[in-house]
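Presented sequentially are two complexes of chain A, the first with chain B as partner and the second with chain C.
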Partner chain A sequence: MGAGMTRFMRRAQETGKELAWEASRAALESCELTLDAVDAVCLTSAPDAFDGVHMKGEYLSDGAGAFGRPFIRTYVGGGSGVFTAIQGWYTVASGMADVVLVVAEEKMSSTQPHPQAAFLTIFDNVLERPLGPNLLWIFALEMNRYMSAYGLDKRDIAAVAVKNKRNAADHPAALLGRSDITVEDVLASETLAWPVQRLDVSPVSDGAVALVLASEEAAERITDRPVWIQGVGWNLDTAYWTNRDLVFPEYVRNAARAAYAMAGVTEPRKQIHIAEPYDPFDYKELHHLEGLMLFDPGTAPEAARDGVLNRDGDLPSCPSGGLLGVGNPIAAAGLMKVAELFWQLRGEAGARQVPGSPERGVAQAWGDLMQVGTVVVLGNEGGPPTTATRLPDSPTPPASTPGHPLTEAEFRGATGAVEDAVDARYAWDAGVAISRFLGGLREGRILGRECRGCERVLVPPRMFCERCFRGTDAWVEVEPTGVVQTFSICHVSWDMKPLETPEIPAVIAIDGSSGGFLHVLGEVDPQEVRVGMAVEAVWKPVAERTGSILDIAYFRPVRGGAP
Partner chain B sequence: MEPRVAIVGVGHAGFAPITAGLSYKELMFQAAERAYDDAGVDVRADVDSFVCCSEDFLEGTSIFDEYVPDQLGAVHRPVQTVAGDGLFGIVTGTMLIRSGVANVVVVEAHSKVSDVLTLGSIEHFALDPVWNRPLVPSVLAVAGLDMNAFLERTGLTEEHCALVAAKNRCNALDNPRAAYPADLSGDDVDDSAPLWWPLRELEVAGRADGCVVVVLAAEDRVRDLTEAPVWLLGAGWSSGSPTLESRTWGEADFVRRAAQRAYAMAGIRDPAEEIDLAEVDDTYAYKELQHVEALGLAEPADLGDLVQEGDLEPEGELPVNVSGGALAQGNLFEANGLARVLECVEQLRGEAGERQVEDVQVAVAQSWPGVPSTSAAVVVLGRDEGPS
Partner chain C sequence: MIERIARPDEVRRWPGSIPVSHRYTPGVAGQAFLETLRDRGVILGSRCDRCRYTYVPARLFCERCFAELAADVEVGPAGVLRSFAIGFVGVEGEPLESPLTLGLVQLDGADACLLHLVLDHSDEPLEIGRRVEVVVKPAGERTGSILDIEGFRPVEG
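Right, the complex of A and B next:
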């Protein structure tokens, strides 16, 4: 029915509640409704650690119009923004509400010294956090895997960043629109964690987006130009991300299949006219276009190079400017994509309007440990024929997009910059499987669990097999050797400070197992590391081992092994 | 017409002050295996969607929803996290089934709070960072303020609240899964140390680890799966004001609105007459009375007599928290709501053993995510499928 958003800003003066309110108000005004018309509120927001508020959904609820109303906050990491539109859909489709306000809020700037602090605790508490991973690692590892598998040219990937930042120059809410940016600018930008460079990455941001959804019956009363949710899908892959091949986002394809089936889309490339795939990094847009079955695996980069994805191309992708251009307040950025399809399909996208009266679009978001896919298909058809023409629709987004950006100096000097630090400490039970694994490491051995159902050896071990969903059968010892499945060369710390010596994180596929784990490489020139290189564990001296993933100091190339 | 929804399987694990040696994944796996066995489902073949309920700071993991699929059999399936109590997960699962996007849904919630070393500090972070944190030293203070306002408004006394705490601890003597059963009297509770007056030490639920998994199914699938379905007759949920400065102190208005929605869906006109058993939030003893009132099960003026005359006891007119509630089973945080559902299911199936209440046809379960929140979910469960 309606959509609204705040500006996406590096730092907003508004609190999270105020951002949620501004977006909600804009969405309601866009379809000339007041809060009285709303039966239920669906909210999303990414980690509580950003706002530094425990039970953040409760805290934000009144800002999102939930006082006295049914209210639930759902949450699927980076996939949340698109997911909350799905939540709105089933809240209406279940018959539990007629008109629903869907709100996505994110205020990342509160986290000090850098929003990445919130991501330090997304990694496995026992096996990964001791290695000191930073968020860039996993993107760089996935990007390298994608590039290596298909022999991709970085220039073609950089074309995505160029396209999106240029598209965003036409978006009134955008943080990083640049109409003059070139591929050379991207390739010349600072290398953060090879192959990721600064202009491959979307910026941390504050902002909020809201939509108004309605049942068929209510829609008829509210507007004569509804945009219909034709299909929804969502899907989650295993948390053991080092046990998967990162080259293809299977979870996105699974989610897309569900959404397309519901929407009656059998030939996505022909029947989808606009795509808003999730683009926190430029390669992710391409990865996701392949997961959405709009391009064959490994072929989306050439489409970017050839202009197919441009606003006037054959399949416009991220005409909004995406996360790379508009900004990436995580949950809000996902819902921004759904809002963009709403505006595009109504022909209200102004300077961003895709030519040719598009009739169907797909929005997608992604998150967690490269693991979740959320997909929504929107179209101009799908409901009953409408006859009512009661209310005129105002063009959106409104001429003045709400939001007050602050510079760092203004923020520090402002009344109301309140500092606080949560004392959040934990002592986790490593559990039956990982305790024994850690005990093995102390003895210089790598242990796995065998599942006789699917004939896999699971490293890291677990007492259950997630595929067969049965208890695993036996302990086995595997060799402390493996091959580099993918790697990165990381030049910055988690708070984006330069590192004197670059780190080389890698996913090591352990020989004799069906998996492997995250670790770092040592005794090697970074320029010599290759995907597929044979490596061996270098153990700490026995006296220094504590039963930790750090009992392996690092992995190094096997002497005389593959280069 | 939307399909009816029933609970076809339940499983639990833990319900202990600590679950040493088990990881949260292994705890969840135990509960899930039992629930799937109870429902007779092959999770990899039969389940369409999964709903998990968790809050990041209690897990110590940002984006905790990452870590749930494997131990539930949910890899490559639709999985979502509801940031809140498990009863909101039941509401969500019900919506998924009624919308037609799923026929069988698994709902999970757990507590591994024994892993948390600084719970007080984390709970303090639920308060407004600018207005309240500098002023309010502990979330318990908010409970004390609310309890005092509740007693002022209703004329109930500290002794009534103490009797509730004693009742629930005693009820759990018949509950083999309870973490904190005890043979206590009202005087024992009344003699315990005041924390944030009028709230006393023995009126605060002790924390516990545990996991509950519930399997929901659409009516077409129910008869294939079980001979003893528990029907979800009504579901309602609502928020109040999370802002301390503008909330209705001493009254759970959000519970009242949630209950009204749930009763409307279930076709219940006179809850006090039609409901045979209630499992309500009792994270603090006074909350049980506040919630019984908000659920429309008793007038405030009658609550004192009901408590004193034993009407809320298992043999009474209106058995409330026969399980022992959170006060005796332990505060399971996000899993509290599902612990309520677990007890209702066992009672409705006639599987509650020593604490079985006779002839339970309709039960109500209610949850609240704890201080300083103002939101609640309510579900009405029954042995008969009820109105379509």
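Right, the complex of A and C next:
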């Protein structure tokens, strides 16, 4: 029925709940409703650690209009924004509510020294954090895997960053719109974690977005020009991210299949006119377009290069400007994509309007530990046969974009600002399987667990198989050798400080197993590392081993092994 | 299914933390509230005429009807103690040298209650319904913080 958003800002003067209210009010005003009309509220916001506010949903609830109403907050990482629209949909579809306010808010600027700190614990506390990972590792490792598998040219991927920042120049809420940016600018930007460079990445931001959803009956009362949610889907892959081939987002395809089936979409490439895939990094947009079955695996980059994804191209992708251009207040960024489809399908996107009156679009987000896909299909057709006269396509006034950005100096000097650190410390148990695995490392052995259900040897080992959902059967020793599945050359620490010596994180597929794990490479020139390179564990001296993932000092190329 | 742990020494616990701290700026309404407290030593609330409710501290919007509000109502400095509690231990469970009394006070002209310390009541037992007033630090010592208010002090009346 309606949509609204704040500006996306590096630092907002508004508190989180003030941002939520600004967006919610704009959404209600856009369809001439007041809060009285709202039956239920669905909210999302990313980890509590960003704000240091435990039960952040409760904190934000008044700004989302939840006073005296059924209210729920959900969270699936980066996938949250699109998921909240799905949740709003089933809150209506279940008959629970006729009118639902869907709100997504994020305020990342409170987190010091850098919001990345809040992400560190998404890595396994026992097996991965001792290696000193940062969030960029995951993206760099996935990007390299994607590029290596298809022999992709970084220039074609950089074209996505260029397109989105140019598109965002037409968005009144955008943080990083730039109409004059070129591929050369992206390729010349600072290398953070090769192959990821500064301009491949979306900016941390503050902001909020809201939508108003309604049942078919309520929609007839509220507007003559509804946009319909035609299909929804979401899907999860294994949380053992080093056990997956990162080259293709299977979970996005699964989610898209569900959403397309509900929407009656059988030929997505023909029936989807406009796409808002999730683009926290430029390669992710391409990866996701392939997961959405809009391009064959490995072919989206050439489409970006050839302009197919441009606003006036054959399949406009991220006409909003996406996360790369508008900004990435995590949960809010996902819902912004759904809002953009709403505006595009109503012909209200102003300077961003895709030509040719698009009739159906798909929005998608991705998150958790890079294994959840959330997909919504929106279209102009749906609902009961309408007898109302459709209004002519006269755009309603452009959405207001409230929000007051603070400069760094204003942020540091703000009256009444409070510094705080949550003084919580943890002791993480290694658990049954990993304790045994670590005991093996102390003895210089890599242990896995055999699952006779799916005939896999699981490394890292677990006492149950997440696919078969049965207890695993036996311990097996595997080789202390493997193959580099993907790698990165990382130049920054978790708090974005430059490293004197670059690190080479890699996912090692362990020989004799169906899996592998994250570690670092050593005794090798970074320029010589290749995907597919055979490597072996270099153990610490026995006396220095403690039963830790660091008992393997690093992996190095097998001498005389395959290049 | 789950194996017995034959060598308990192999079970290790990994100490750690989430290395974040936060910087909170007070927002649009919060800034108006704190700057007025600093500059004039008074408490500002926000009135929603439609809902007939006055919020304290000031707010940017009414959570009941979503109307935009201004920080435009001076409340207090006196009010009514609606509830109180006396803390004898700190956050780690350690005994406090002198107990702290917390009060929820509905300042005159406000509907919402303000939380702060209750001062100077040791010579008489507190009662809910007692009249109290806000004690504000001297002008030169105020910085634009909720601690510019020292607390509430019982008054006659």
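The criterion applied here is as follows: the second predicted complex is superposed on the first by the 549 of 563 C-alpha atoms of A that agree within 3 Å, B and C clash if a C-alpha of one lies under 4 Å from a C-alpha of the other, contacts with A are read in each partner's own complex, and residues count from 1 in each chain.
Operating definition for what follows: a residue touches a chain if its C-beta (ideal position, glycine included) is under 8 Å from a C-beta of that chain, and two chains touch if they have at least 3 such contacts.
As the structure is a computational prediction, the values presented were derived from the model and not from experiment.
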Chain B versus chain C as contact partner of A:G77, first or second or both or neither: first
First (chain B), second (chain C), both or neither touched by A:T111: second
Partner chain in contact with A:C468 - chain B first, chain C second, else both or neither: first
Touching partner for A:D62 - first (chain B), second (chain C), both, neither: both
Partner chain in contact with A:A424 - chain B first, chain C second, else both or neither: both
Partner chain in contact with A:G95 - chain B first, chain C second, else both or neither: first
Contacts of A:V432 with chain B and chain C, given as first, second, both or neither: both
Touched partner set for A:W21, first chain B, second chain C, both or neither: second
More chain A residues in contact - chain B or chain C: B
First, second, both or neither for A:E250, with chain B first and chain C second: first
Set intersection of chain A contacts, chain C complex versus chain B complex: 15, 49, 51-52, 62, 67-68, 118, 120-121, 125, 416, 418, 420, 422, 424-430, 432, 435, 463-464
Interface residues, chain B side, partner chain A - complex: 2, 19-26, 29, 36, 43-44, 50, 55-58, 60-63, 65-71, 73-84, 88, 91-92, 94-101, 112, 114-118, 121-123, 125-126, 128-130, 133-134, 235-243, 246, 253-254, 257-258, 261, 369, 372-375
For the chain A and chain B complex, residues of the former touching the latter: 15, 41, 46-49, 51-59, 61-62, 66-77, 83, 87, 89-91, 93-96, 118-122, 124-125, 232-240, 250-251, 254-255, 258, 262, 367-369, 371-372, 416, 418, 420, 422-435, 462-464, 466-469
Sites on chain C touched by chain A in the complex: 1-3, 5, 7, 10-31, 34-35, 38, 60-61, 63-66, 68, 144-145
Touching residues on chain A, where the partner in the complex is chain C: 11, 13-15, 17-18, 21, 24-25, 28, 34-36, 49, 51-52, 62-63, 65, 67-68, 109-113, 117-118, 120-121, 125-126, 129-130, 404, 406, 411, 414-422, 424-430, 432, 435-436, 438-439, 463-464, 471, 547-548
